[in-house]
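What follows is a set of structures for review.
The two complexes that follow have subunit A in common; it is paired with subunit B in the first and with subunit C in the second.
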Partner chain A sequence: MADQSIPRRAAVPGAVARSLRAAARPVVAIVLGFVVSGLIVLATGKDPIEAGRALVQGAVGSQSAIAGTLSLATPLMLSALAFAVAFRGSMFNAGVEGQLLIGAFVSAVVGFSFDLPPILHIPLMLLAGAVGGAFWAFLPAIWRVSLRANEIVTTLMMNFIASALTDYFVLYPFRAAGQSGSAIKTATIHESAYLPRIWPPYNLTIALPIAIVCCVIVWYAFRRFVIGYEVRMVGTAPGFASSSGIDPRRRQVAVMLISGALAGLAGASQVGGVFHAFVSPFASNLGFNGVLVALLVGNGPLGIPPAAAFIAALQGGAITMELTTTISRYIVGALTATIIVFVSARRFGWPAAILARIRRARAQQTES
Partner chain B sequence: MDILIAALGPGLRTASPIMLAAFGGIFTQRAGIFNIALEGYMLVGAFVSVVATYATGSPLVGVSAAVAAVALMALVMAFVVLELGADVIIVGIAVNLLASALTSFLLQVITGGAAFLRAPSGIPDVHLAAVAGVPIVGDLFANQGILVWVSLLLVPIVGTTIARTSLGLRLRAVGEQPDAAISSGVNVRRIQYVAFALCGAICGLAGAQLALGLLSLFSFNMTAGRGIIAFAAVMFGAAKARWVAVAALIFGFADAVANRMQTLGLPVQFVVMVPYVLTIQVLLLVAVPWRPRAKRSALGAAGQT
Partner chain C sequence: MSQYALRLEHISKSFGSIRANRDVTLSVRPGTIHGIVGENGAGKTTLMRIAYGFYQPDQGRVLVDDAPVALTSPRVALGLGIGMVHQHSLLVDSMTATENLLLAVPRPVLAIRLTAQRLRALADETGLMLDPDERVRDLSVANRQRLEILKALYHGARIVILDEPTAVLTPQEARALFEHLRKFAADGRTIVIITHKLLEVMDVTSQVSVLRAGELVYEAETAQTDEATLARAMVGRTVSLRLERAAPAPASDTPAAETVLQIEGLSAEDDHGIPRVRSVDLSVRAGEIVAIAAVEGNGQRELAEAVSGLRRPSAGRVVLLGHDVTRATPRRRRELGMRSVAEDRLERGVNVTATITENVIAGRHYRPPFARRWLLDLSAARRYASDLIERFAIVASGPDARVGTLSGGNIQKVVVARELADGARLVVAAQPTQGVDVGATEFIRRHLATMRAKGTAILLISSELSEIVDLADRVYVLFGGEVVAEVTGSEIDEERLGLLMMGGRRVAGPLHPPAMQSVTHG
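Take a look at the complex of A and B:
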């Protein structure tokens, strides 16, 4: 039901209007998310304003906080990009988490098994991570195109297999000597494989520019390269694609390989830049949080770096908030989830339509 | 072999929450809704059941509160998906995250920072003295909670509801041929709401069984992927009650065997993988005959013209 009483958007010229409109959705969702979680905090008898202040302080309140936020954001950018690439090519990759784990493990093995100069060792380690992740994504992709096995289910299952498999490797064949307790590691990677820091003394490595460059490359490839055009065609109009001689299946496998490689790279960046070993349990939920980041900006590659920084800021700030205000950091998870729900609600016009209906009913009453 | 027999009783016990959650998943799956929020439903069910039991002292109130709360939660999710047009998988991911975050947050608020909340009493066991001495049967059935029996009773109930009642027929119509359902006057949206509500109610039961039936406490993220395993069981059994129950039992026993092996210091990871590997296997095996069948129907269509 089209409604005339909603004012039409002013005609701002092309690109500016489009990007403004694209940004409006997440911004509205974020505001609504903060309102909802603020109310939850208020309901438990705490001060939401104070909580927000502590959150901002912890996220961007000092140089080390900013560095920490950016460091958290780095793997999120890559895992979000991994999800977004697959999504654009009509594949729902719910297995970013697993591909990330396999990539991280393989890169750790390369990191501690070889003695090479850094100029060779670092690229080799990152490449190994990407190949590991791509392999883990290749299996569901090939099952999908050859046997039509639903890739959402298979990638989801592959997460848990990856987690159990890497757990086994770390606990038994690859366990570093002399460890006990709950966090078990492989041997430490050689220093030649450490990712160089770009903002000493903070632990922010070249993984950050690499991740941003990946986002830009994917964005550019999707707009300008033939493969990007074909993948978009397969994603948006599969029938048209196949009747113009593009085999959708090959493109689907291709996007899954790229997606898995990016996820694996995210894992390798954590090994090379943060842990310097494969740790079990590995930093959990990077894969799923990446999905959330991608969803926040509608899978647009250029929106991913700021969105990842935003989610990372929330997570980093939450820890400070918990320490200074005793409000549990878990509220941030609730905040993120609410934002995602609001972003994904396609029929945003729905509340506006109801308001308009009420207004019209009122107007009719006053007339009569 | 001893490990396997010793795991029988605990296996049935650990299988029951997975089985219940999977039965919930059958209803949404049959209505064509890809519901991965089973995990979140179950977690909220576990939380509410323990808090309500803690507050009132009665596990019956705890179980009822869990069923009601999760059914309501599923209806809210249904509203977001059906009325606001959000993607069901994306909302499912968000619901799982929300459930994990909110229950952890509220647990800290209620306990003042403790890692778990203990319920004063759990769901009572049914002691069957008659079978206690019988070798394998006794191991399985002699001491099981009431909700274990409920989950076993639900196998035929869910099966006949789907196969033989008008609700089941409509559910299947909505899931498989929505256009046909609409043209025969079925209110698709209402059926989908019903599917969500039933799914939520049964998942609430699953959460209550996990928290009150197994441990009598709630701890952070205590579902630990069981909702996803239940989802896998729905896929494994192609949303047919019997096969879903079989899958849940296999997965539950794998879980119990893994627990046994862990106490003996054996590597458990390959047992932990079993549900996921089997589910992929089944998906691949089920997928194989699709292509010949599609070809045959294409040939048939060609022959008619």
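Take a look at the complex of A and C:
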């Protein structure tokens, strides 16, 4: 297995340098984002240091805070991975949210309809969620390759359909008895389908390791699986791929199926681990925030778990910050957005360019 | 009246180390149709881009109506009455004819109705009938060209330059265009027409200038010259890489040599639905290099794509080693032993963002030794890539070097290595040495010759005549998408091919383009 030929060993430092360079971009963006948000807080006459302290306290200041952050991060990892997988295969899946809803709903139905031993019920429920999400992604994928319908538009529209459809189901055919009020749910799933907790008493379930393992598998698959190689070639050079006998359309459908399945799994993990029913409205914005996480790390699967934990920490911390200080939690929205703006800058050379210009100017001054 | 409507004096223009024009002096008299002919890369387009202000010459000057002018931009040139009609229309598809006209010269207020009226009046006056309110995407190719011409005239062009105007037209449309051009000239306008097609030159021009390798090599009144003279002037005594021509492989001499590729009645359309390949029949046997000689845009690209499975033919059959592969996927064709060197190297030939290893395993990556079930064997792939780097003398830091970091010649070597390293039964090589440095060119040609000797069937598509003469055992000449001649053995020479490629008639007996003619050993 271990190949000791020279080229392989020579490749390792290159790979390390590449991943370091890949990590540098989000780190610089985060630092710049904090600086800009700090200035905004300062402009409103509040203390940015205090804000930061409260944010950190709320995110990782206690065991309960850490567990909360990780619990929040779990579905984010899966939805970010869903977006990233599609993106690497040249498909822009703007419908992670809808696929997640369908996955969540289908898994809830499986959760309350059957009464099986946990060892069967949990996998079945997660699988059902994945299949539901994959189905919801399959439709736009097939429209794309057969009708050339732009998948950004169709996946986005499918979100609204998914939302309205699950609302309808939960309001009429599947509404649990004796409920009123704004939050409407289906029947509660059987306890045999509850995801086991890994850090009692906190509500952190096996969904977290599952999500991390998914990221690792996808990372490995892109490097080592035949399909991963093919998807990368389709994503980076479609003309080359088709000339080499790799049909881009088939890989695009495959990639959307995987993407939808991961989104559906995110929904199922929320049902099995958090709500224990399908709730309307369902915890929203997981799809959108997943895109942010994926963007933050340039769609690299291994970067997704830390990035998801970071975004989740900000969101968890924001609530504490608002409770303990007079600073609005919406500043965290501004912070996230600023970071994304910085990380999207294609040319991160400009700080270096500014430094170089200053250095040149100094050199000229000393000469003259 | 001025002596010359347009005069280019001692024009030189270089791009890096390439000298596109060298001391070219060209004089165009008013009220004439002036033809400019030359091979691909002879400098025709560069010269005309200087004439309409797109490029500035390194040396020399431009005179309009005998007065020196500084053509600093196409708009300045248009102000002086010089308009250009490009080979590929530069119109905005989603806009109407009138809106496209307004686009050329932005004004604060868009007088759409007035412009439409004027356009209609101009169309009536010139006979170039066109509905001003029609959207460009609904116009036929010929009408788009009419709109381009009307656009030039509308903006006051008295000198109209047309770059290969008939490349996209049917013969009937071309005839209609020439009628209009004659009328414009009779009205005192001046027409400059760039073309490869000698028939057209003889038909429509009154003067002709021939460019070769950036220099003006021949000028004449059209009435006092003929196609053979023009062809000789165009091709000249070309300096090229000559391969020591081995004795033809014995396999190809015996009629028993296996037919590897058989194409029957193949027709294909381009991306715009324009028929480009018309009912082509051809065959390639084992141990034979068969070349397709054609001027760019005569269907060779579509033919190559249809054979390699990247374009669905509109009619006909492609048979590979007895299997009908007309509708087979590229993967199936590869499995049967077809390999192809794509013309569009950076788009189709390689993935510039991927490593050499990832590039060379493409197409065989899913089978042993590079894959075990669904897992890639990266170390086998890397060993294979290292081996190819050595065998094909690819200059690279190693198998993990990204292909985008290599030089053009080495990129093409990666393509050649991938496609030709293993047991190919048929190679479709489209422009395998175009834009490749001398050393790599020689290497690639030698490799093709070696493969022939080993019994591989090779279909070579090249616009480089010297390459065809050096390598090919048999040549099909494609003109307007049809095979107009088949030339074998000692009959293959540049002048004859050049003339046939341009639809010429006067070599090798009466040859009428639509009819197929066979030129064989005497």
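Definition applied: the second predicted complex is superposed on the first by the 336 of 368 C-alpha atoms of A that agree within 3 Å, B and C clash if a C-alpha of one lies under 4 Å from a C-alpha of the other, contacts with A are read in each partner's own complex, and residues count from 1 in each chain.
Criterion: a residue touches a chain if its C-beta (ideal position, glycine included) is under 8 Å from a C-beta of that chain, and two chains touch if they have at least 3 such contacts.
It should be emphasised that the depicted structure is a prediction, and the values quoted were computed from it without experimental measurement.
Student: Have a look at where A:236 lands relative to subunit B and subunit C in the superposition and call it first, second, both or neither.
Tutor: second
Student: State whether A:161 touches subunit B only (first), subunit C only (second), both chains, or neither.
Tutor: Only subunit B; A:161 stays clear of subunit C.
Student: Could you tell me if A:246 is touching subunit B, subunit C, both of them or neither one (first, second, both, neither)?
Tutor: The second partner, subunit C, only.
Student: May I ask you to name which of subunit B and subunit C touches more residues of subunit A?
Tutor: So, of the two partners, B touches more residues of subunit A.
Student: Looking at the overlay, what does A:153 touch: subunit B (first), subunit C (second), both, or neither?
Tutor: first
Student: Using the touch definition from the top, say if A:337 reaches subunit B (first), subunit C (second), both or neither.
Tutor: A:337: touches subunit B, not subunit C.
Student: Just to be sure I read the superposition right, which of the two partners does A:119 touch: subunit B = first, subunit C = second, or both, or neither?
Tutor: neither
Student: Can you list the residues on subunit C that touch subunit A in the complex?
Tutor: On the subunit C side, the touching residues are 308, 310, 329-334, 340, 342, 344, 347-354, 358, 362-363, 365-366, 371, 374-376, 378-379, 382-383, 386, 398-400.
Student: Any idea which subunit A residues touch subunit B in the complex?
Tutor: 40, 44, 92, 94, 143, 147-150, 152-154, 156-158, 160-161, 164-165, 167-168, 171-172, 288, 291-292, 295, 328, 330-334, 336-338, 340-341, 344-347, 350
Student: Under the touch definition given earlier, write down the residues of subunit A that touch subunit C in their complex.
Tutor: My answer: residues 3, 5, 7-8, 10-11, 14, 223-227, 229-230, 232-233, 236-237, 239-247.
Student: Which stretch or stretches of subunit B touch subunit A in the complex?
Tutor: Those residues of subunit B that touch subunit A are 34, 36, 80, 83-87, 89-91, 93-95, 97-98, 100-102, 104-105, 108-109, 225, 228, 231-232, 235, 267, 269-270, 272-273, 275-277, 279-280, 283-284, 287-288, 290-291.
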